[in-house]
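Consider the two complexes below, in which subunit A is the common component and subunit B and subunit C are the respective partners.
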Partner chain A sequence: MTVELNQTFSLDPQVSLRPERFGALAYHFGNRKLSFLKHPDLVAVLEQFDGQRTLADALVLVGVDQDRWPSFLAALSTLETSEMIRAA
Partner chain B sequence: MLPEISPQPIAPSRGLVDEFRLGLDAPICLTWELTYACNLSCVHCLSSSGRRDPRELSTEECFAVIDELERLQVFYVNLGGGEPMMRSDFFEILEYAVSHHVGVKFSTNGTYIDAEAARALAAMDYLDVQISLDGADAEVNDAVRGEGSYAAAVQAMEHLAAANFGPFKISLVVTRHNVDQLDAYKAMADSFGAQLRVTRLRPSGRGADSWDELHPTQEQQRQLYYWLLDRPDVLTGDSFFHLSAFGEALPGLNLCGAGRVVCLIDPVGDVYACPFVIHDEFLAGNVRDSGGFTEVWRSSDLFTSLREPDSPGACTSCGSYDACRGGCMASKFFVGLELTDPDPECVLGNAEPLLAAVAAQGGPLPRPIQDHSRPGVPLPSPVTLRQTRRR
Partner chain C sequence: MSITDDPIIATESSTDDLANDVASDTPAEAVLEELLVEEVSIDGMCGVY
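Entry: the complex of A and B
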């Protein structure tokens, strides 16, 4: 699954985030998967997901430089595969 | 025992593993043994269980621990024992945990999972069940876990399947006698739609007395390493990171999380660094202390010292140290090695001269400090019932 910049996302309602020095732990109570969000900026992007804002808008809002976008797309694709986030 | 991360969404970088070594403000998950009572007397029991301890946490005290875990956002606990289902308030504790956002995986020998219990478990959310079984047939399993334990576990699995519980877990401690049964064991798990989990034998609890006879040979360790490497979907709780010194790292975090990202709460509320070190040397405090579990986790002298950078000690000159990180603290301790020595099962054989020196010295080894074994109950015989097949 590849996420696109013009897609809108929301956090799965069964997912909880626990803030950490490095970013956050994300736990899905439904499928019991644990993920590590390895950068505070990735957590900030997830927090922008409201089911309406596009991914590109969220990245801009958080102030992520464009040259870092590919790594964010990759991380978010994995998070979508493990059902942590859902495309609206 | 580290959290199962499968599949791994974002491969942990070296940076993340380093963060974990420094410790987190709360454990990622923890093991919580609810009682020392057990109907079995497994020869390798990590907690030397058998009899209930009169000081065990009350229902209310268990609820208070869960409240703390919820505040700390510990997303799930591994409940065990003893046999946790022997507590009369077991289902009450389960329900309290899952309704307070603390998911539960519990480990049981299956004896008390009848049709009714299976239906009750199947009706609950955020619950994983793990059945312990240490062989693919009754002969091999019962030699370690006791007569009738294989049949009881299989019956529990049948009840869970009939109740449509969904994918439960079957967990095996790898020994010299069952390592050749891994394929048969996997096939059995598949036939139940169950997830297979294999973990490492430790010389802890009653395991101190059965270690020499049960722990896999060097050749078997190699066999196990390649078996696991080919089956990344088999869960291990990151048990076997010492095998990574064979070459390519096994899936998982490959670090000892003791006191850094995991710990153990025992039935009387004592907090230890991990489930394999029930000994004064690794006791950090008690959940009944004034600051509760949180204070023990964040400020105890023991956990603070475990979060300091590792010293490679005797492994300094070994090129594989980055792969295995010196192995398992508990395994070293209970066979009489220093914590900076190589793992007793070091796959490069680096522990052999040290183990020989310990044996030559003949001094007493550290003994488990608590023994809840039932007096007068004969242990299953760890004596080899059949020759281990050689490749």
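Entry: the complex of A and C
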């Protein structure tokens, strides 16, 4: 599963984010998966997901440099596969 | 123009530098992708849910 920059996303309602010094822990109460979000910028991007804002807009709003976008796309694809986020 | 004045020589040198830069950047980028998210399963752990 690969996310696209023009897609809109929302955090799954069964997911809880717990802030940590390294970023955050994401726990899915439905499938009991736990993900370590290992950079605060990734957490900030997730917090921008409202079902209307595109992924590209979220990355720009958070101030993620474009040369880092591929890494974020890979990480977000992983999170979509594990149902932490879902396309709106 | 002698061969030592040929600007292509300088271009080849720049290409080598670019190749070195790419080689040194690739591992760092790969590490960054690894670090952004890491998933674990807690199925089977007692007392956590």
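Going forward, the second predicted complex is superposed on the first by the 88 of 88 C-alpha atoms of A that agree within 3 Å, B and C clash if a C-alpha of one lies under 4 Å from a C-alpha of the other, contacts with A are read in each partner's own complex, and residues count from 1 in each chain.
By our rule, a contact is a pair of C-beta atoms (placed from the backbone, for glycine too) under 8 Å apart; a residue touches a chain by one contact, two chains touch by 3 or more.
Just so you know, these numbers come straight off a predicted model, no measurement behind them.
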Which superposed partner A:R21 touches (first subunit B, second subunit C, both, neither): first
Touched partner set for A:L79, first subunit B, second subunit C, both or neither: both
First, second, both or neither for A:S71, with subunit B first and subunit C second: second
First (subunit B), second (subunit C), both or neither touched by A:K33: both
Subunit B and subunit C contact sites that coincide on subunit A, given as residue numbers: 29, 32-38, 75, 78-79, 82
Subunit C partner contacts - residues on subunit A that touch it in the complex: 29, 32-39, 42, 68, 70-72, 74-75, 78-79, 82
Partner subunit A, residues of subunit B touching it in the complex: 3-7, 9-10, 12-13, 15-16, 19, 24-26, 28, 73, 75-76, 101, 103, 125-126, 128
Subunit B partner contacts - residues on subunit A that touch it in the complex: 16, 18, 20-22, 25, 27, 29, 32-38, 75, 78-79, 81-82, 84
Touch list for subunit C against partner subunit A, complex: 29, 32-33, 35-43, 49
